[in-house]
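Letters are used for the chains, namely A, B, C and D, taken in the order the chains are written, and counting of residues starts over at 1 for each.
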């Protein structure tokens, strides 16, 4: 549909003269330079501001995946081009650039590298325009779990909050039982993801270990530069364990500032966001024995595919893969495999039909990651928890949680929420 | 028309106006003079509602207006022009005067009509004609000459159809010839409009020539009052001016 | 004579509307339509802010407060499913006007930079309310699940084309209203306040009430802009009310010009065009945009439209009366009358 | 709302000491940023919206110097002087072109600088999070005062900020050059007429103001994360401080910064939900009651 109208409008643009030419010439240079056979992947993401690394590390991964395929000759003779666009972290901008990528740049498929609210904005657009889309950075459960959000051409290839909560809860309960950690506090950023993630973690920690008692909950602002008042508050409350959904640069600052107070000497720490290589390497004095959820690790799962992915990634990027990187890489694999099966046909419903229920081996090998048919979200990805050590590989002793257990509890959770 | 009774104002330790009582009869042309710092402009600020006096009354058109805001005083019919022309730089002469006429007609809130409104037109043109600015009606206020800006300032005050007009040094910053032209116009306006006019002036020749009555302020108090001839012979006035301003002695000498 | 002015504007508006509606049928790429809706929403925001900045001399740093209130009120009303689109628009505009009345009653008493600061404070306050009141607003995630668009009077806004035409009509009507304000006795009284508030006060102008009046009007217009944007992105987000949005609107005014009536729209088009093309070619659009701003500010010292009008005027004056040196100066501010 | 917890904290010396030190930690760094903002406004009449960019510049320069030399002293000096130098350049070539222009022009120029700096940092240092790390000198266990704990580095930071603030105050109030600067704020023509090079003075004042932002940045570098856009996070708070304290008043900035520090430190214990609202509320109340701020004078321009 977009193809034919695009052709017509281009010819008209060339004929059209005068003042409107400037307006109508939108993006024309890009189209002019591209060959008709190229399959365009649109990547709206955040490339500026404090979370620019989310976008840049995602882009490295998507480019890596499609370059690998291009070098191997493409699919059915068709090569790939990745078109990225910065949304600056603004949801309305995310909606606009996504429409632009589809309508103007002629992208056939959208890989949505937006976080939280931006992904909901993109969701509305792709639902509206009927384009195949994979969300790769949003962990908010409701994006796919809520049936109201469901769209047959939209998928999530990212970890989901509820999966992490079950895995984290069961891991935390086990440690709590072993060490007698009863008094818990939380310190998470004050926004939807932080609050939901923390509530779900606590819910499942209590399911597995009912003696856990929450003595205090702190909500520093998102992107706050300084956490001293939260840290000293924690010192007053003296919990035995702290859970935190802080991530990114905020988490780096929180750990370093906590170090000054020696907070982790007597307090066990459970983090949802620490296990990401750029964070682990940014922290200068990483305390030993902090508990963290898996985000990415070049040694876990230990497989040749994972090693190959990491090796290839560090050749193009200045750091090891992030959580966002593997998610985007995996999403690219779903797209590539679907196109293989359709012989390069980019029709979104045909591709969506292939992706539903598909399993890809890259980047982790083993049994692979599966795109669940029922709610278009991935399962069987690594949801392990481990402990920090002060030098590479930074996190060791990963403990896996059975996916059967996660799926079972997820079902109950959906019922509870009225989603199923 | 306007009567000031026992007006008193202090700014912290400075006693700016001391027990001033003056009557300004209807239709009079009165000059307020005095050496620098005598409290002339403060006096204007007190009667026009800009400052609130510590004590005393300002009776305007039969009512005490002390405590009324400057806006209310203006709407009762007392307007002023300033020592340094206070105009609207980016509006033309016509636009500025017409907008003021509209304000006087209480039509400032009109949304649904276009700006040059018919009922304000005649009055606007009349004022411009009266000021002698007809050939500059379309000129932006900030491009007017200094003298024309002062005229426009007075014209803006006139657009409010005042009963009492306060002029703070209408000839300030002008050369000798221009001064006389300006004051001639003021006198003309006064005659045509039959208003009560108060003006502050430094040029004694002008004051003695046109003012019906003169009030001399010094250190915030009334030093002397009377006609030009009375003031000219008043020894207190001569003493007060000799120290600060030799211009008066020259004027006295000439007379 | 007065009717003629309005008729001319009406004709002009009709022509603009026709062009706006026809253009996407000639250049059928949907992205042009998207671009125009986006520009119309932000252009309306900048235009409404210019009622304060350019017309009244009130530099508000918090205008996005009304933009965001428009988007959220409208979105919430539509999501409630109880009202039709026209009713929701009416209620939203009135509701925002009341909000502007409350905020304005406090703000307009302050002068100059302090006015700017307090408007900024109120905007941050509203932004933090939106973030905190999660049960109503969805917090940082914004209003999710899309904004329903039930058909009214046979118009179905769920199609892209009809949404576009609807936006264009609303946009042109709002611009026409603002144009009328700009040219009315009210507008000229506001110019008195802009040029010399103290003098205006001594000429019987109740400056506090007049400022409050235009503040409410500008707020109501900004809420319409918010409605358009929320319809376009099918949602409302707290970022609409962040101070950077106000900053962008100010930037559009400065880029286009504050003294020419359509200056802010020109600014909105220019800014969006620059951003659009720059972000296609580089992710370092901030660097490019920053340099462009510096070039404009340091090179032209005023908005582009203001500069061009002045330049043309100066050339005309120079040609018409080469002898009259003084009149060249008139040109500097003659743009006022052209506008 | 938990006023009981607040009361019990205030009655326990350990808690009170720790929270007071928290207030000082938050407040003094804020003071460093805000005093620069205030100084520049007071003398030049310019609202430097790009102040956060100088804070960021100071932090990054300190970070790179520390990486190269492993000397915190050098890093600190480089951060402070580097930001000051950039400030002087910015003043001379850019902001001085819009002196006396309407405030929107200044706003726009500053906005441009923020955009440019953020992208430059992204180009030079990358978008990754950076952390300078604690210098070995300060790698000590937290010091104990009356049962409360204060990390050694924060003690240094508070003392250093106070010293710098005191020096600034003395320089402005007690020296000849300070007198000239104060005169410059009130009547620049007169100062110029006295044969003093006002151009140089303006640049110097802007440089000192930026240097204060750079000092804050380099003091923050060992404990805060460095990212592009980090300047934005401190901008709003330092504005609140300058508005409350009074634009142009150093002492006002100190008082207001401590006010914010105490509100946050004790608010975290007693009324965490209302901290933001209280900060905006204080700003609004000050603007309504005394627009020029607690210790500010009305602006002449």
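What we mean here is this: a contact is a pair of C-beta atoms (placed from the backbone, for glycine too) under 8 Å apart; a residue touches a chain by one contact, two chains touch by 3 or more.
Everything numeric here is computed off the predicted structure, so don't read it as measured data.
Think of each touching pair as a link: the shortest run of links from chain B to chain D has 2 of them. Closest to the protein's overall CA centre, chain by chain, comes C.
With centres computed as the average of Cα coordinates, no chain lies farther from chain C than B.
For the pair chain A and chain B, the distance between mean C-alpha positions equals 74 Å.
For the pair chain B and chain C, the distance between C-alpha centroids works out to 42 Å. Inter-chain spacing, taken between the CA centroids of chain A and chain D, is 36 Å.
Each chain gets a centre from the mean of its Cα atoms; for chain C and chain D, those two points are 34 Å apart. Multi-chain contact residues of chain C, defined as those touching 2 or more other chains: 286. Among the residues of chain D, those touching two or more other chains are numbered 118-119, 122, 276.
Taken as a graph of touching chains, this assembly fits none of the simple shapes: it is neither a line, a ring, a star nor a complete graph. Pairwise, the chains that touch each other are A-C, A-D, B-C, C-D.
Chain D makes touch with chain C in their complex at residues 47, 94, 97-98, 101-105, 107-109, 111-116, 118-120, 122-123, 236, 239, 243, 247, 273, 276-277, 280, 283-284, 287-288, 291-292, 299. Listed in rising order, the residues of chain C touching chain D in the complex are 53, 59, 106, 109-114, 116-118, 120-122, 124-125, 128, 132, 243, 247, 250-251, 253-254, 258, 284, 286-287, 289-291, 293-294, 297-298, 301.
Contact residues of chain D toward chain A in the complex are 9, 15, 18-19, 21-22, 25-26, 29, 118-119, 122, 126-134, 141-142, 149, 151, 153-154, 220, 222-230, 233-234, 264-265, 267-269, 272, 276. Chain C meets chain B in the complex at residues 1-3, 5-6, 180-181, 183-189, 191-192, 194-196, 198-206, 210, 213, 259, 326, 329-330, 332-334, 336-337. Of all the residues in chain A, the ones that touch chain D in their complex are 47-50, 52-53, 55-56, 218-219, 221, 223-226, 228-230, 232-233, 235-236, 248-250, 252-253, 256-257, 259-262, 278-279, 282-285, 318-319.
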